[in-house]
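Just below sit the structures, each encoded as structure tokens.
Next come two complexes built around chain A: one with chain B, the other with chain C.
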Partner chain A sequence: MAPIELLIELTLMPLIAFIVGMMMVLMMRRIAAKIQRRIGPPFFQPLYDIVKLHGKRTQVSHGLIHDIGIVMAMGGYIAAETLLPVPGMNGIAEKGGLITLLYLMMIPSLGLALGVGQCANPNGSIGIARALTAMLAYDIPLVIVIFGVAYAAGTTNLVEIIATQQAGGFATWGVVEMPLLAIAGLIAMHASLGKQPFEIYIAPAEIATGPMVEMSGKYLGGLFVMQCFQLYTTSVLYVSLFLGGGTTWFDFLIKSFLVLAIPVSIAYLFPRYRTEDLLRLMWKWPVMLGLIGLAFVM
Partner chain B sequence: MVMSRLQKIPVVEEKKGNPLARVFDDLVRFCRSRSLFILHYCTGCGAIELPPAMTSRFDMERLGIQPMVSPRQADILLITGYVSIKTLKRVILTYEQMGSPKYVVGICSCTVNGGMYWQSYATAKKLD
Partner chain C sequence: MIFSLLDELLIFSAATVLVALILGRGLAVGWMVTILYGGQLLVLLKMAALGYGGNPIASELSLSVMGQDLSWRFDALSWFFALITLVAALLTSWFSCGEWERKFKQQGGNVWLFHLAMALNVFTMLILLASGDLLSLFIGWELVSWAGFLLMAVAGGVATNAAIRYITYAVVGGMSIFGGIALVYAAAGSLQYEAILIAVEKMSTGQLWMLVLLFGSGFGIKMGLLPFHLWQAAAYAETPGPGSAFLGAISSRMGLFAILLVLVKLFGIVNIDSLKIPFTLIDARDLLAWIAVFTIIFPTYTALKQNDARYLLAWHGIGQGGYMLLGLVTANSLGAAGGLLHVLNYAACQAALLMAVFAVMHRTGAADLNKLGGLVTRMPLSFLVLLTGIIGLAGLPPMNGFVSKWLVYRSLLEDGMPLLFLGTIIGTLGTILSVYKLIHNMFLGQLRVEHEHVREAPWSMMTPMLILAGVIFVTGLLPGIPLTWVAAALQTIGLTGPEITLGGIESSSGSLDMIWVIGVLFAGFGIGAVIFYSAGPSKRVHQLDNYAGGHFLTADVRYQYSDNFYSGLMHLIRGWYRGSFQWLENSITSLVEFLSLGMQGIYRRANSEFYLLSTALFIIAWVVF
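Let's turn to the complex of A and B:
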């Protein structure tokens, strides 16, 4: 591939991810509104929020690490987008592979931990401690699921995994071949989004949105951008692993929005677990399902 | 006489130049008007007005108004109810933590003229 072409792809992929991610945030808020019998926000609401936050006059910085932490939180996901193949664009997905992607998806939490650490707000510290505990909880089923898929496909190359699924049609999709791993993956994905039953580290009524408590202006705006990327990355990863990626943009977007709609619809019906309950639940059910699924794959 | 008074009002002259120069400012201003993060400081019965505004009856999210939990994230400080001398300290502390541009909205009669607490020696009659 020509370097210019690669450069264009590497620029376009995060941009598309950002736009689709904003629409995913909108969908999430609209679903919440429909469940609560409200009208919900207008179409451009996520954009209004982000532009407004970046346009605030006071920008309270708590130091250099605070700035770098936010950049890490966004940058980790932006780097992850270039490893996620979308229809027509592969970026550096063939060279990166699933394991690199898994590492890159951990960077935002660590960056947030650094950034929030310098704020020295007790609520933020509790929040970030809970976020890292939650990461410990959902990463184990996620790693089992990703290992299972990679083992079944015989490769960690995401492009090849998608190509095999598309060549064989619906019967070779991951969700048909490995249903137990797909269920475990869905639960792990739900926890990694940090949505309601697993919302231990945001918890507005308890620890005042945890990591976000000292964030104002562009820092909070950065976290809003990060959320767009987070929703996009998780749902597209799931679509690539289990639903055969996308042959065209149309079915790719439909699949990824539908996948995201499942955890989001469940989320607004439930209150919140405690941290130890989350750990117990994540290490019991998805891990058990994942291990049984792994036994079937092997 | 009215005219002479009107002429004394200072009017900020708008600079005439490139019409596109203000597009970005206008965009930010428009987004600010459509995305209001509120922080409610509830001291009295005025807080009861908020749940209907938030929930399905009036649904303030369709206008871009969202409740926030930390003063750092908020644009608007809602003070719903009476303000006593001791409360005022906390209100000012909260207000100072907010990032500008910031606004304060007093809800209900207690913040405007003391309301039913107008005889009380402990409350501020006027939030202003």
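Let's turn to the complex of A and C:
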């Protein structure tokens, strides 16, 4: 591939991710509004929010690491998007693969954790401790799922995993061939989004929004951007693993939004678990489903 | 007699010991031995051809003891381990020069003994790495054990107890190895590697099992493999700063070196694979793999509970050994390369981490994670080194630990071992949790009043720390460089490495190119920074200007969240820490005590006729059956 083409891809992939991510935030808010019988925000509200937060006159910093944390939170996802193939663009997906992508997706969390730590607020620190605990909870079923998919495909190369599913048609989609893994993956993905009932690290009533407690202005804006990327990355990864990726942008986006709509719809119906209940739940049901699903694959 | 390069190296190393011994009471001994370590490293670098598959270099010295020829030589595997040993020695010794030494002396430490013990450790490790037959291996092994004991015991007090516990384990391990060597000698009639290789083919399953168990547990004790891991954390953590960093980085890897040499090279993975455990589906190799995985998981989660930074890291050191062994027993090209590469990557991370912890200890006098906090504003460079180290230790990009762990994960995926794979990930997640606790409780959060005037660590400490941080990053960016050495080392033990590129590896089932990965990562950070900083300036506020639910914060209010850091998790898994291994150790100790009391009783009370009679009976019984 010509370097200029690659450069364009590497620029476009995060940009598209950001725009689609904002639309996903909008969808999330609209679903919440529907469930709560409200009208919901206008189309451009996510963009307004980001611009507003970045434009605030008072920006409170707790030190350099606070700043760097936010930069890492955004930057890690921007980088991760280039490893996530979309219709017509593979970026550098073949140079990293599935495992690298998974680990790259931890960089934003690390950045956030560092930034929050520097704020020296116990609510924030408790939030991070809980967020990392949640990660320990949902990553175990998630890893079983990833192992199953990669083992069945015989590769960790996402491009190939998608291509195999597309070549074989609907019958070879991950969700058809490995339904148990797909269910386990969906539960783990829901928990990874940190939405109710797995919202243990935000817990506004308990720890004053946890990691966000000292975030205002562009700091909160940065986290908003991070959330857009997070929603996009999670759902696109799921689509790539289980729903055959996208042949065209149209079906790709439809699949991604639909996948995301499932956990988001569930989220607004439930209150919040306690930390140990989240661990117990994650280590029981999705792990069990995943292991049974894995046994079918092996 | 013309000295070979290996002789030069060993003589240089012996000279370092002598200098530390004779001039050790004088001034600037630290700098002197540091320069000598540098000299040793230069000689080693002259042998760099070994790292690229050059012919082994033999020592001119050879001895014959009771008909057994003793010889020493260096091949790619020895060179790889020696490189890590000498770099670790150079940097940790550098760290000890100047201010650290002065403070150590003020606190009543014996600087002379410390440097002597360090030099002896390096010298004996080189002798072990150079061993050319099983007997010289055993001699080197015992020397390393006792040198390690000396360094561990330097600090006195709690450290002495830990060191005695260590040497008890080490002596048991040594006996186990000695038993193994005796069996090998009985079977092969020689202790030369060539003869053993031939004899192994004719050995019965029972013999092989016995040997694998004897050597495996003997070497495993040094590595801290489960269930022999209890000695290690305290012994390493209580060693004086730079010594702790040195031991933590490389010492227990000598066990891995010996395992590679004896179990992998001499016995062969194929033979070990053929040893089935009756009535189960697993064989000796699976057993090793599972021991490795449990060595990853249990110590890592023990580390998570620690409140002393040194102990936390020392427990992780045990856990990380599991990744190395696991990678190597998979014995496929990716896993073996990953396991061996992790020796280097881990050594760099662990040394950097321990140095950063000891730098903080030097300035604040505390390693207790509940008595620190907020130091990033006072010791930013130490923070940077610790951050680099924890990213590497946890195995996240862009640092080197990611590459070696990635290789191990991939190999398990390729071999279709989901449970082992899951075990490694559980270990990695535990590591991430625990290292965040480390950096949070030391450097982030609230700065305590008494640390208001703490300064950055002195340059004599900072320079080696920064060099190590550089190594961690560069070997992560360009893993092709160390992977080439790893591939050469694997060849000497009969394994093959993967297809290597400068940025990682090339494989039909998924490649890795760290140059690209890190490139886009930093580009991403750059874009993030542009977005962030283009949004206008921010106002820096004091740490007390903080949301406190309606309360006012004053300097004397401690609100750092550090104790019982993962309370939700601990609430669930607290009951799983049963201390079974501690119980096992205690019961063995009690049993030995009981037996020795019994023996003592017989010896003291019984009259000599009874004593003679029972011995005679025992001998007759032994002859008859």
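Please note the rule applied: the second predicted complex is superposed on the first by the 298 of 298 C-alpha atoms of A that agree within 3 Å, B and C clash if a C-alpha of one lies under 4 Å from a C-alpha of the other, contacts with A are read in each partner's own complex, and residues count from 1 in each chain.
FYI, a contact is a pair of C-beta atoms (placed from the backbone, for glycine too) under 8 Å apart; a residue touches a chain by one contact, two chains touch by 3 or more.
Note that this is a predicted model, so its numbers are computed, not measured.
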| item | value |
| --- | --- |
| Fit or clash between chain C and chain B when superposed on chain A | fit |
| Chain B versus chain C as contact partner of A:Ile70, first or second or both or neither | second |
| Chain B versus chain C as contact partner of A:Pro14, first or second or both or neither | second |
| Superposition-derived comparison: chain B or chain C, residues of chain A touched | C |
| First, second, both or neither for A:Pro42, with chain B first and chain C second | first |
| Touching partner for A:Ile99 - first (chain B), second (chain C), both, neither | second |
| Chain B versus chain C as contact partner of A:Gln59, first or second or both or neither | both |
| Partner chain in contact with A:Met89 - chain B first, chain C second, else both or neither | neither |
| First, second, both or neither for A:Gly221, with chain B first and chain C second | second |
| First (chain B), second (chain C), both or neither touched by A:Met23 | neither |
| Contacts of A:Gly154 with chain B and chain C, given as first, second, both or neither | second |
| Chain B versus chain C - smallest C-alpha distance in the overlay, whole Å | 6 |
| Interface residues of chain A shared between complexes with chain B and chain C | 55, 57-60, 208, 213-214, 217 |
| Chain A partner contacts - residues on chain C that touch it in the complex | 373-374, 376-377, 380, 383, 387, 391, 395-397, 402, 406, 409-410, 413, 416, 418, 421-422, 425-426, 429-430, 432-433, 436-437, 439-440, 443-447, 509-513, 516-517, 520-529, 531-532, 534-541, 543, 545-549, 559-561, 565-569, 571-572 |
| Residues of chain A touching chain B in the complex | 29, 33, 36-42, 44-45, 47-49, 51-53, 55-60, 204-205, 208-209, 212-217, 220 |
| For the chain A and chain C complex, residues of the former touching the latter | 10, 14, 54-55, 57-65, 67, 70-80, 82-83, 92, 94-100, 103-104, 106-107, 110, 113-114, 117-123, 125-126, 128-130, 132-133, 135-136, 139-140, 143-144, 147-148, 150-151, 154-157, 200, 208, 213-214, 217-219, 221-222, 225, 274-276, 278-280, 291, 294, 298 |
| Parts of chain B lying in touch with chain A, wherever the complex brings them together | 27-28, 30-32, 34-35, 55-56, 59, 61-62, 64, 66, 68-70, 72-73, 75, 98-101 |
